[in-house]
Amino acid sequence: MSFNSFGHLFRVTTWGESHGPALGATVDGCPPGIALSAGDIQPWLDRRKPGQNRFTTQRREADEVEILSGVYEGKTTGTPIQLMIRNTDQRSKDYSEISKTFRPGHADITYHQKYGIRDPRGGGRSSARETAARVAAGGIARRVLAQLMPGLRVTGYMVQMGPRLIDRSRFEWDSIDDNPFWSPDAETAGLWADDLDALRKTGNSVGAVIEVTARGVPAGIGAPVYAKLDSELAAAMMTINAVKGVEIGAGFGAAALTGVENADEISMGEDGQVYGSNHAGGVLGGISSGQDVVVRFAVKPTSSILTPRGSVTVDGENTEVVTKGRHDPCVGIRAVPVGEAMMVCVLLDQLLLHRAQMGDTVRGHIG
Amino acid sequence: MSFNSFGHLFRVTTWGESHGPALGATVDGCPPGIALSAGDIQPWLDRRKPGQNRFTTQRREADEVEILSGVYEGKTTGTPIQLMIRNTDQRSKDYSEISKTFRPGHADITYHQKYGIRDPRGGGRSSARETAARVAAGGIARRVLAQLMPGLRVTGYMVQMGPRLIDRSRFEWDSIDDNPFWSPDAETAGLWADDLDALRKTGNSVGAVIEVTARGVPAGIGAPVYAKLDSELAAAMMTINAVKGVEIGAGFGAAALTGVENADEISMGEDGQVYGSNHAGGVLGGISSGQDVVVRFAVKPTSSILTPRGSVTVDGENTEVVTKGRHDPCVGIRAVPVGEAMMVCVLLDQLLLHRAQMGDTVRGHIG
Amino acid sequence: MSFNSFGHLFRVTTWGESHGPALGATVDGCPPGIALSAGDIQPWLDRRKPGQNRFTTQRREADEVEILSGVYEGKTTGTPIQLMIRNTDQRSKDYSEISKTFRPGHADITYHQKYGIRDPRGGGRSSARETAARVAAGGIARRVLAQLMPGLRVTGYMVQMGPRLIDRSRFEWDSIDDNPFWSPDAETAGLWADDLDALRKTGNSVGAVIEVTARGVPAGIGAPVYAKLDSELAAAMMTINAVKGVEIGAGFGAAALTGVENADEISMGEDGQVYGSNHAGGVLGGISSGQDVVVRFAVKPTSSILTPRGSVTVDGENTEVVTKGRHDPCVGIRAVPVGEAMMVCVLLDQLLLHRAQMGDTVRGHIG
Amino acid sequence: MSFNSFGHLFRVTTWGESHGPALGATVDGCPPGIALSAGDIQPWLDRRKPGQNRFTTQRREADEVEILSGVYEGKTTGTPIQLMIRNTDQRSKDYSEISKTFRPGHADITYHQKYGIRDPRGGGRSSARETAARVAAGGIARRVLAQLMPGLRVTGYMVQMGPRLIDRSRFEWDSIDDNPFWSPDAETAGLWADDLDALRKTGNSVGAVIEVTARGVPAGIGAPVYAKLDSELAAAMMTINAVKGVEIGAGFGAAALTGVENADEISMGEDGQVYGSNHAGGVLGGISSGQDVVVRFAVKPTSSILTPRGSVTVDGENTEVVTKGRHDPCVGIRAVPVGEAMMVCVLLDQLLLHRAQMGDTVRGHIG
């Protein structure tokens, strides 16, 4: 048990607060002999970095990662890798006001209730800034998976912002990197831009749904009953700030289907079995089937908004809270690389667990 | 790491196959001095038992639980409690046919791909029969929580079957136990009965959505960042057979809301802070707020249906699969007591974790 | 965290009390496809069984193991294996007297202090009877290791009883099974028999030192820093009832050596590197070197003796305690197969951990 | 599972190599509201620091600890505490020679065999420098225990160096801090000084035995069966570099005793039960009894010596190894504060586990 760790064998422990001197991740259990430098990790951090465009917070953080241990002459040694990111843009300001009220819908009040103390500077430990450490750890996982799961491609993208969904008939993998919303549907991305501009002007925010697809996952990853791949993914995604729901494959939509509709029929193709559909999202009985692993998660609108909302003070007085400062109007945008990072960390961890029990054996082809 | 355990301190390890001699749960970490007998656990098992009405499988299992250890003179001793349920209705039959094909949408194929071996008798370890062990463990958790979280009431119910949802304006807590669907809306329960009768006649099955509400959870339970209460609940619910999605509070609906709409405003009431709404589902930043904890999960339609679906054999030949036998047309119905069991186990486990770090301190009232 | 489990990936959870209906072990993480029947496990239980000769307790337990799950058609399936041993020789007697006093040197008093309740029947959970479950689990580990570590031979034996040590110049592997003390020195075994007969007549008991040697462990098993092979072995042996010390290789003797004496010099032999000595006991920096892994543990004399010793009652009155009944005069004898079981379980668990991080790679030969 | 973590609830993960930029510890699970600054931790690091006198290595490390997270306005917040110690005395030198041979008795060869790669600079991760991180973490544990276990006093001291033991009749707690060997027997300390001067001149090293006593541990800490307090302590001490044996109370000496001799008789004193002796070392059945908890561990002589020893190269050639540089002639001396740190970390972790299961209940007084 560790409150701030995830993964069983590829084990990541994150630490640090939004406005402390630094934050980071201790990554234990990494296989040795993997070529790794800060330069391999930095590009993933840059994708998540604030201030990239007008739709994300204007906080300016370099988010430069340093490797403090676990690498010798450019290769991992099998010992723990310490990743550190210094916080550089901590505006000195007076937190006395903030520390006395609770933003509605924010962790302010529950931290206070649990611990009797909280770090109010930028949200402290509850800030989404913590996710930088995950993305850095994900950068390591990607390096390892490049060797151990060579055909793997993990891609996150936004499929809904507010009430507006993408049109799946316009889905283009290549569009994802070409717009500030990681949208696979360029046309919807344009509409979202208008939506978000309007929201920002009114001091409001909005929710989103992110989908992460892993292509090239071999069959057999995951395990019954409480180490199911989908359970691990659900836990992982639900730890991301502001996430309120997770689904696999058809997800909540499966509730409305019949068994005849939902069955992913199987037949023999040229290179082994093929499936007629993927309602399962690539996971059957907690174990990967070889189909694409498809996970979606819902991100609520940030509670840090300019519109006043009713709240209470630590002393039990009614008040109104307005959150000034540099906040993301749609935190879902920057959650995309975080969701990808969680996916790669879970896949690597589950692959190591699989190797433990099964050795290097991989069975995929039926017959 | 353990593939078949859940919980950190109130730790449940289940074992057993659908058609083996017995199945059960090893429950470790239970506080001592709690009055406990098989009779305290049996009523919860009876709620989940098959063959209760025409809408569930006609398999006849007594599901009688025996306590083999951890209790002395009617009280828990703090040592592990072994719960055993003998399988009595294992019809002897020829499994050679079943063992050679894979039901589309079922774990048959992935167990085969992972392990190269599977127990085909009634689905072996992948059978929902495993959930009997969870419900038994949940019976113990309820006894402990009756002492440690005295005001707690955990209630599961169905809110959607197929495309048909309950009407929340007709929600009655008292209706839930009065119909075979655990529906809080008696009128919808009647429509579901018609829906399901029609589906069964055509050899089909259907999905569902279950909601579990925990009333009376004190503030402060759960922990950032990777031990979030909602992450633990998501993992727990996602381990239940056929579950494809989990959400907390407004869940996926939160994606369509603005920050202004989603904020649960707070004000001071007579007995401390009160909330104007509960979009958060009782969890903020991974920690309970004192509001009702509300979790929903989607259950897919069972893949064991009488309608033929295309599949392949272990030898790589195309075939069609028809699953005869006694199967639930809507496995969501019997998932209701299972969801409740997972909720109580998670709440107790998190309460013990909270006690470890904080002692018996509980802070709820602001001001 | 689990109070009653050991192992990380080959994970054993034991349950049951001395005089309850049954005891056993839940074994999770076992690789699939391993041929296994109760008959494979029973011989190891028979070695530990009470009443084998006049030097062990005369309690008569069949110690017959049943496999309740995890095996299909004679092979492990990768799902949890439940092992159950029924308690058959539970003499009905009045425990009211025993439950009111504390045997000096026994867990009676600390269980009472911790839990406020204890099962006094035969020592309840604190009885060495729990070790039957470990030996059964060890039987499974041996089956797996026969495939994954083919040259492995694990042998336990007694090297000291009371103040009398074996003479290492008379060490014969073949003698170990030929005397009731598992002594590799037949002559000393004869002297121990006389020693023990004398002790029993005076209602006394005696301590012992057990050595367990694992031959054929490949290099590379174990890991720095807190998963060191020797740390795992120390923890495992120290969990055996009555054990008060554990050492590896030269152990406490190394404290008296100089660095020049203690260095195990290395040179190239015909089949790779060879060592001039084995003060390290086969473990360097927490990782196996390919030399024999040698562990010793000290077992204290049982506190259940016929000679009256001063104690107190639960009500805080001074009293004298005499423990009647069927007790081992030297519990160290029956600890030998238990020590072997712990060794094989640790080695398998560590091998699985090694495979997770390193795959099937094994490097042993230098150069 | 984590290779580089210890503790279940007070969980310490150490990271860093001897000659990398920094090393440290991530401390998770610390209770909130504890006053803590770097100044509270530094004194414990200073006790372990090299170069304090002529009997320890002359490497000059400031060992200044920085707190990077988990503390706000001088108090712990319940979130992870990151401790960082920069390495300042990394003499640049040519490691190409060192990286090609293996010191006999050192982890060089097993790291190579396991990982196929090792950091040869100052021993990399296998260096005893890692223990600085433990001592820092222990400093935090002491602050917490000052509140949660107020009467606790944990003291480590050397009881044997080479073949020379202290004379227990001259044991003085107050002497321990007055000599460079942490000896409770001032006279023996003087003899050790002569012994060690002689050894150093001949380019040799020597082993030692350290004892750590915890006074003021309440009854009831620890748990059966695999979470025994003595098992946890054995594991913890055995993870310290160069440790080859651990014992509790009478330890290996108990093997030579009879049950009559070994029984620690109990009687009622003025303030509850008192014990006539403490062969048990304060632990019965894995649970603390309220007596002093007494642990001893054996430290082997360092393998880094100036006397040439036979070895092999990575290419499989015979060679001789002489280890130049700044090494401790008796690493046991600096292991004293490390043993203390492990004791306090284990005690706090076990106390938190106790609170989880039992709440704030502490029972000590019988009757």
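The chains carry the letters A, B, C and D, assigned in the order they are written, with residues numbered from 1 in each.
Criterion: contacts are C-beta pairs under 8 Å (C-beta built on N, C-alpha and C of every residue); 3 or more make two chains touch, one makes a residue touch a chain.
Note that the structure is predicted; figures quoted are calculated from it, not measured.
A.B. asks: Would you mind telling me which chain pair, B-C or B-D, is linked by more contacting C-beta pairs?
C.D. replies: B-C
A.B. asks: Using each chain's Cα centroid, which is most distant from the centroid of subunit D?
C.D. replies: With centres defined by C-alpha atoms, farthest from subunit D sits B.
A.B. asks: Counting only Cα atoms for the centres, state how far subunit C is from subunit D in Å.
C.D. replies: Roughly 26 Å separates the two chain centres.
A.B. asks: Could you please state the distance in Å, as a whole number, between where the Cα atoms of subunit B are centred and where those of subunit C are centred?
C.D. replies: 39
A.B. asks: Can you check how far apart subunit B and subunit D are, centre to centre, with Cα atoms defining each centre and the answer in Å?
C.D. replies: Centres of subunit B and subunit D (C-alpha means) sit 45 Å apart.
A.B. asks: Considering subunit A alone, which of its residues make contact with at least two other chains?
C.D. replies: In subunit A, 1-5, 8-9, 14, 29, 32, 78-79, 114-116, 125, 223-224, 353, 358 touch at least two other chains.
A.B. asks: Taking the touch rule as given, give the residues of subunit D at its contact with subunit C in the complex, in rising order.
C.D. replies: Contact set of subunit D toward subunit C: 1-6, 8-9, 14, 102, 104-107, 109-116, 125-126, 130, 160-163, 199, 204-209, 219-228, 230-232, 234-239, 244-268, 272-273, 276, 279-281, 283-290, 298-305, 307, 309-318, 332, 353-354, 358, 361, 363-367.
A.B. asks: Spell out the part of subunit B that touches subunit D in their complex, as residue ranges.
C.D. replies: Residues of subunit B touching subunit D: 1, 9, 29, 31-32, 78-79, 223-224, 352-353, 355-360.
A.B. asks: Could you pull out which subunit C residues touch subunit B in their complex?
C.D. replies: Against subunit B, subunit C makes touches at 1-5, 8-9, 11, 13-17, 20-24, 26, 28-29, 32-33, 66, 68-70, 72, 75, 77-82, 84, 114-119, 121, 124-125.
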